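Order of writing sets the chain letters: A, B, C, D and E. Residues in each chain are counted from 1.
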Amino acid sequence: MKRAIVIAAALVFGGLLINAIVDLPSSPVDLRIAVADNMANSGVSHPVTAVLLNFRGYDTLLEIAVLLLALIGLMAAGPMLPPPPNQPADALLQKLARIATPPVIVVGGYLLWAGAFRPGGAFQAGAVLAAAMVLLHLSGLLSAWNAQLLPLARRVILVGGFVLFLCISVALLAAGSLLQYPPHQAGLLILLIESGLTLSLAAILAGLFLFLSRDNGGAP
Amino acid sequence: MSSELLFAVVGALIFTLGVAGTVLVANLLRRILAFNLMGSGAFLVLVGLAQRGGESDPVPHAMVLTGIVVAVAATALALALLRKQHEMKDSEEELTEIDDG
Amino acid sequence: MVEPVTFVVWLIVLPLAWAVAAFVTGERIGAWLGVVGSAIQTFLVVWMVATWDVAVPVIHRVGGWGAPLGIDLAVDGLALAMLLLTQVVSLPLTIYARSYFSEDASKSRHFWPLAGFLIAGLNALFVSADVFNIYVTLEIVGLSAVSLVAIGGGRAQISAALRYLFATLIGSGAYLLGVALIYGAFGSVSLATLIPLVGSNPPQAFALAGLLMLFGLMLKTALFPFHYWLPPAHGGAAAPVSALLSALVVKASFYLTLRLWTELFASIADDIAWIPALLGAGAILWGSWRAIQAIRIKMLIAYSTVAQLGYLFLVFPLLPGQDAIRATVMQACAHGAAKAAMFAAAGVLIKATGQDTMAGLAGMTGRLPLTLFAFGLAGMTLMGLPPSSGFLAKWQLIEAGMARDLWIIPVVALAGGLLTAVYIFRILSFAFLLSPSSVKIATVPRVQEWTAFALAAGSVLLGLRGVELMALLPGQVP
Amino acid sequence: MSATLAFDLLLSTALVWSAWRTITANRLDQAVVMFIVFGLLMTLAWCRLRAPDIALAEAAIGAGLTGALLLDALGALRKGKTARRRQ
Amino acid sequence: MMTSGELLPLAVFFSSLIPGVLIFLMPESATRTRTTLNILGAVVKLVLIFILLAGVRAGDEFGVSFAVLEGLELAFKADALGLLFITLSAVLWLLTTLYAIGYLEHSAFRRRFFGFFSLCVTSTMGIAMAANLFTFFVFYELLTLSTFPLVVHRGTQAAMRGGRIYLAYTLTGGTVLLTGIVLVQNLLGHTDFAHGGVLGAFDDSRSTYLKAIFFLLIAGVGVKAAIVPLHGWLPQAMVAPAPVSALLHAVAVVKAGAFGIVRIVYEIYGVEFAQSLGLLTPLAIAASITILWGSLRALSQDDLKRRLAFSTVSQVSYIVLGVALFGPIGTIGGVVHLVHQGLMKITLFFCAGNYAETLGIHKVSEMDGAGRRMPVTTLAFSIAALGMMGAPFTAGAVSKAWLSDGAVAANMGWVVWVLWGSSLLNAGYFLPILWRTWFRCNRSGWHAEHIPVAGWRETALLLLIPPIVTATATIAAGIYANSDLSPLAWARLIASREYVTKIVR
């Protein structure tokens, strides 16, 4: 009964939604123009990066906060199983991981640098680095993290990028408003922020996996 | 129909599927999947609609990037809670088994 | 000289800063950081209120770009009232929590960072003038609230957190699709840009977006019948967390509902105004009924929240009248302070008696008179008895309803007050019963009793002096 | 009908199908796999929408990291079950 | 700076609030400090009230107000009518405090008791000095809340039941009252009390609406005034300790209701306007029914306090009846009875408490020979009981005389019969008690005697002084009714200010 009602409601809703989408007249505001007009002052030449770290950089700041707090929530509530026995890792997988890691780090670095003028940036770079860490972990070369015993250095790395971002945003308050880059230093500051973010994002994203993982080399 | 609009319509369908899934599916892991479908559907609608004239628009791209990160954060938190719940159920059942024995 | 406008930014930055600092430094220093940070925030917001000029709306353009390209923060009287409520309630709660968690490092280690993020998210939410940015702030608030419920680590708490998480995620999902539709329809997500564009005949996608966003927000506000997730979460969490959640978190999504309803979706709101009011009336009746039947103290308080949230929605047919907004803001503030006090007092009682049942309260008026007094004062506010702020809220609501000849609203509000009295006095009666003198109670630090009392006294004193708060929302919109 | 539109139609169908299977697949591991497939298809869709940044992020985070998290969780949930069965 | 005209009412208010708050802050064991504080507060209050009395008599105005919301004020005024009530409450507060100190010696939770006791008196002050309906309502509800802990003070299941019933009646009544008040506010934009009323400006087209509001307001305050059928809580609330019954249920709570009726009729509607709307006759009928019904029920009660409670139900409506008799003579009769009934009824409750505390007597059937064992108490009881019946040389006789004259003047001759009937019934339930106590012998001895005789003192001194004082006052108010300092003189002053026409008598 409930099933039938939900499905009927979903059909009606989907129909309305599609109808609304198809009928929609063109929008009165076009931000592409505004973005293009202000690119010169944004400090970067790739529009998405300009929006992400300059025009709507405040969103990004808060978004890192979301990521960080989710990690803390996960540490607070996640399972606390006894540490798993040290399983002998797959030798082939280890070799693969050893070979793959350096190029992955290079790719990450490239993505970070490229973000200023073409697709890429801190998120992608951080995600790639995190993927490398997960790979290392799965091949037994990087142990899981214990949420209850987190060394200070690791905590600093986790929050470092966010703190750097926050500090720069606040320092720029002196110029009039939060995150108001001076046009000439914008490029440099954005690169600085992105570098910090890349490291912290890599650590946080990997942390989402490493705090929970109990599989030393045994992915299903 | 332009292909951008097509993807927006697909997004609407996926969102609807996701909503129906979160309401109807009992298994919590599957619910997490359904919630992720909702998010992806909404992202498709956002970018597809914004670009239905054909030109690329960086503003929704940045929003979707933000959205993807938020989604993975929420997913990780949900999985952690799910696993914790599962673990406690396990230990509880073991306890009762010991009691019975 | 720093302009008060930038205080808004500090209200967001400061809690973010102490949240991460608490994460790095650990629970002991983190607790101090939380208390000191909250004190500074309170000072800032009080200063803002004191120097407030209603005639000049305040806008902070983040990045200096300005909407629609950049993100604007906008502060008006409504936002300022909510900022004030948030800081004034969270300061005593941080002091309370420092003492409450002092014996339990594993819980407090994560409490402080999460509480910091929560407060930052709330402050950011209240001043955001950008529907996508609001989505991000909603996620901060939602995910930190869920995590705070889960820090207890008990099985019931984890289940409650999961249930809460799914509710809040569905809510944000619906909201996000609404944002996507709005951006598609108008090409902007800035409220200031959107409002003049809506016009009298907006596209269908806009109406759909409105329904989606309002639905999402009502789900997050736990409006009946979407309240299913609230009682286990608020009733199951640790006392300081329950207090934060019931007093502030549900108010945030309510605030957005109110704001979007009166500003962005005003053109479609009139036709559906009776829906939230009807659900609000349902919430009052159902929530009160369940509270009357409750056995556990905190469950009673949680169901009371379900009921009290109903009052907030009762005003919707009266919108966008400024008198209705004043009534609902007064109710939000009254309930915020009173409910925080009540959960804090319940925390003390539960620690002292070692059980979360009403039967365990026998004789407590003699043993813990201050806490019971706090509970009674908070109850007075919830019942809407004079001279509490709850009474002023009820008075304004009734007046606003009568001014438009909508008699049903005063009738529901008055009936709800009587139902509230039933469950409040039910719990107080248990406390007045004589107890066998053999019952041992644990000692609870006095600071916990006093912070609960301060919050309760605040909720009553506001009723004697509502002028200043209401001056933020003048009769005529300037 | 141009080749690109045909490809888009095909991709759309695949997207909806994988989403549908994610919800309806009988076994949980199938659902997770279908979800990862869905993520990869989304990457393609983002490319078609001229959003390479999102495509990169979707591949790395949406399909990659989320997929790894899901598989890990699946393993953990399973392990609990088999452990119980063994007792 | 505040002027003395603004400060004095506040000082009266705070002279009981501050001791109340301090008592809550002191430890349970600080008995002596608590006692000192209580008595000090009561004495200070009396001194302040005498200053006010002199000022008001001379025609000075005392008042102060605070804005709670825009257009909504917490306003106080100390006028002749309010002062009558204040003086009564303050004098009886002092006596009851003394009595309670003796009564509650060695019992638990005294801090809570005296703290809420002071808050009750403070609420009563607020009710008496309220300058608008809003303020009246604020303190009316505060009175409900601060009496609840006193009603359930004993902490037994029976006490809880009494407390629940009390709340169910009074909170519902409060809700009805609030509805009426908001309607007045909606109509006028304010709810201020003023001599001659404030609603008189409306024409006949609104008369039905105004009648409905009147009904709501009177029903709301009628709960506390225990008008039949809203009186059910009063006998139940007698589970409270004797001092609580004495002050609150014979004086503060029920008088707050009666006082509210006086304010509403005279200063919201205006007695002349109320008469023109035809509201006074129904009110008189309701009061008459209450007078007779209360007395009838009292006849069959064996429990002494319950008999007194039903007697209260009956007697308080004398005040309402006086209000409902159009014309200054009835007004004087009603208003003066506010004081007279308070004096007499508190004497009766003090005495009932003495019987219970000293001899363990709770029932009328156990009172045989009590007069020989406790002559002073029984003498006080007899004086008050005779006063209630309207015997000559007592305060009761003065009230009844003015009320019947007022009835004749208002062309409501049937009221005289009601008064006569009530007197007969009063005699019917009081005289058997007097007969038993004075003229019958106790054969079985006193089984539950708590306090032994010490010389002339048949019981503890603190229990004895208050009834002696109030019984003396009952006679004094009767004999010296025509002096300038009597309650009657003050009631005439009030009537002269509420009516535009001059008093003849």
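Here is the rule we go by: contacts are C-beta pairs under 8 Å (C-beta built on N, C-alpha and C of every residue); 3 or more make two chains touch, one makes a residue touch a chain.
Since the model is a prediction, treat every value here as computed from it, not as a measurement.
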| item | value |
| --- | --- |
| Mutual neighbours - chains that touch chain A and chain E alike | C |
| Third chains touching both chain C and chain B | A |
| Most central chain, Cα average position | C |
| Chain pair bearing the highest count of C-beta contacts | A-C |
| Distance-maximising chain from chain E - centres being C-alpha averages | D |
| Between chain A and chain B, centroid-to-centroid distance (C-alpha), Å | 17 |
| Rounded Å distance between chain D and chain E, as computed from the means of their C-alpha atoms | 78 |
| Cα-centroid distance, chain C relative to chain E, in whole angstrom | 43 |
| Chain C and chain D, separation of their C-alpha mean positions in angstrom | 38 |
| For chain A, residues contacting two or more additional chains | 17, 21, 24, 27, 31, 35, 48, 55-56, 59, 63, 66, 69-70, 73-74, 77, 79, 123, 205, 208-209, 212 |
| Per-residue overlap in chain D, given as positions that touch at least 2 other chains | 53, 57, 61, 65, 69, 73-74, 76 |
| Residues of chain B engaged with two or more neighbouring chains | 8-9, 13, 15, 17-20, 41, 43, 45, 49-50, 52, 59, 61, 63, 65-66, 69-70, 72-74, 76-77, 79, 81-84, 86-87, 89 |
| Interchain contacts, given as pairs of chains that touch | A-B, A-C, A-D, B-C, B-D, C-E |
| Of chain A, residues touching chain D in the complex | 48, 79, 111, 119-121, 123-124, 127-128, 130-131, 134, 205, 208-209, 212-215, 218-220 |
| In the complex with chain B, residue positions of chain C that touch it | 132, 135-136, 139, 143, 146-147, 150, 153, 155, 158-159, 161-162, 165-166, 169-170, 173-174, 176-177, 179-181, 183-185, 187, 189 |
| Of all residues in chain C, those that touch chain E in their complex | 363, 365-366, 369, 373, 376, 380, 383, 385-387, 391-392, 395-396, 398-399, 402-403, 410, 414, 417-418, 421, 425, 428-429, 432-434, 463-467, 470-471, 475 |
| In the complex, chain A residues that touch chain C | 16-17, 19-21, 23-25, 27-31, 34-35, 38, 54-59, 62-63, 65-66, 68-70, 72-77, 148, 152, 155-156, 158-159, 162-163, 166, 169-170, 173, 175-181 |
| Chain C residues touching chain A - in the complex, by the definition given at the top | 6, 9, 13, 16-17, 19-20, 23-24, 60-65, 68-71, 106, 109-110, 113-114, 117, 120-121, 124, 132-133, 136-137, 139-140, 143-144, 146-147, 150-151, 153, 158, 161, 181, 183-188, 193, 197, 203-205, 208 |
